[in-house]
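The data blocks that follow each hold one structure.
Two complexes are shown next, each including chain A; its partner changes from chain B in the first to chain C in the second.
Up next, the complex of A and B:
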């Protein structure tokens, strides 16, 4: 397994060990991962609820998107960066964690789902937004996103329970 | 406004040093098992410190024979109880009292170790029943 041995090497670099052995750095990175998650995923979930007309139903989807994306993207960048650092710090252990693998697979799925929305529904958003009716495909994408992100968070939490 | 939110976030992160990485649901907390053997590995790291202990045949409790992964707390939590990165090293003799995993895998949650001079080093503020709890 070349990737596993690479993870072994990564986890044993002074950089990774430094994070892992620091009283302050590790909890700071882990805490920031969760806080940035609330900013990025929190807003994604609210947007999904708008697609389903369960929140902000009186506001156009485009308006919600305009205001959410500038906050959600930096949150996502911070979540990704801190997640990467957490992975580096425990690469070998985490790579072998079955919950982590499942979480990664779902993250890819969440990405594909967002991509599908961008390609298929976003270009015509001005049109359907004016009519007030969200296409059923976009609604489905929103519902899927809600479920996937809930599972990603649950799996991220459960990872800690494998010794 | 944004600065206030940022400041608050920073305070929140710094304000929770004694957080737990996971609950203790997977351990049999009412069982105190003594593992006496040799330290194979002492990992002073986050989110958990680990002591890998090899128990050889011939000990009083034969069910403890084998290699055990004794999980402690975060370095911050253990540091407050007097632990540090040099507390143990591979090859040291060790006597650990820990709560074993419920599912029978060879892992346990550290309760305390008994040092050669009889002094105890605890995982956290929890103490055996009747001894109360204190935070030195």
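Up next, the complex of A and C:
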């Protein structure tokens, strides 16, 4: 399998070995990966809760989106950067980990769900936001996002037990 | 109940034994622990970015507080409860772990700060001049709880 041998090469580069073998660096990156949850998933959850009217129900959806979603982008960047470093450090094992593969699949699904919202519900948001009623599809998209991210967290935690 | 008694009870209890031996029990509980952390850190970050003037400027402080305070407390309760469930199957290991002990101290400081100084600032009619300082302390404390928590698995 060419990708597996590439992972083998990757984790044996001095950069990867340096991260893996550092008593300070590796836990620090792991911790930062988790702290990034607050700025990425934490903010997206607030938007999801608004779509479901479970938080900020008195505010228009458009305002909650504009206040929280752009703010989550640096969080997602930090999440991705630290995740990438953790992958590089243990590429061979991580690539073979089935929880990790499932997690990646769900991340793609989370992305598609966000894209669906942008394409299907965002263009007419001004209209339905004024009426105060969130379309069923948009609510479903919010609920789906909550469930997907909860599963991503669970898979991320569980994969560490299989490394 | 002394620590010694918690030890003896935890190592003899059949319920705790199930947690200890079921293959995915601990990672599952820890997943809820992290979900609680996401709620705690997520809402704390929103409060603090607002106090620092770095974002969320179009929502009023009372609106943020009325919505996020309960979410933060709910997340904290979830994290503390699941944290205890992770601790009980192996108290000896955690009691000897430097990162765990450090985390507990910082956590206590963070909770204490949150429900006194921080609470007062986010409920003030006008953010006081020291709001930015309070936000910096709050973020530092909660982020250190996260770092120390993840370090438990790596440091003896």
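Everything that follows uses one rule, which is that the second predicted complex is superposed on the first by the 162 of 163 C-alpha atoms of A that agree within 3 Å, B and C clash if a C-alpha of one lies under 4 Å from a C-alpha of the other, contacts with A are read in each partner's own complex, and residues count from 1 in each chain.
As a working rule, a residue touches a chain if its C-beta (ideal position, glycine included) is under 8 Å from a C-beta of that chain, and two chains touch if they have at least 3 such contacts.
What you are looking at is a predicted structure, and each value in this text was computed from that prediction instead of being measured.
Of the two partner chains, chain C is the only one touched by A:46; chain B is not. Once the two structures are overlaid, the count of chain A residues touched is higher for C than for its counterpart among chain B and chain C. By the touch criterion defined above, A:21 reaches chain B but does not reach chain C. Using the contact criterion defined above for the overlaid structures, shared-chain residue A:31 touches chain B and also reaches chain C. By the touch criterion defined above, A:124 lies against neither chain B nor chain C after alignment on the C-alpha atoms of chain A. Once chain A of one complex is fitted onto chain A of the other, the partner contacts of A:56 are limited to chain C, with no touch recorded for chain B. Residue overlap on chain A between the chain B contacts of one complex and the chain C contacts of the other covers 23, 26-28, 30-32, 35, 160-161.
Those residues of chain C whose C-beta lies close enough to touch chain A in the complex are 24, 26-28, 30-31, 34-35, 37-46, 49, 55-56, 58-59, 63, 67-68, 71, 143, 146-151, 153-155.
Residues of chain B touching chain A in their complex: 9, 12-14, 16-17, 19, 21-22, 26, 44-47, 69, 71, 74-76, 79, 85, 101, 105, 107.
Across the complex, chain B is touched by residues 17, 20-24, 26-28, 30-32, 35, 89, 160-161, 163 of chain A.
Chain contact summary for the complex, chain A toward chain C: residues 23, 26-28, 30-32, 34-35, 37-39, 41-43, 45-46, 49, 55-56, 58-59, 63, 66-68, 71, 150, 153-154, 156-158, 160-161.
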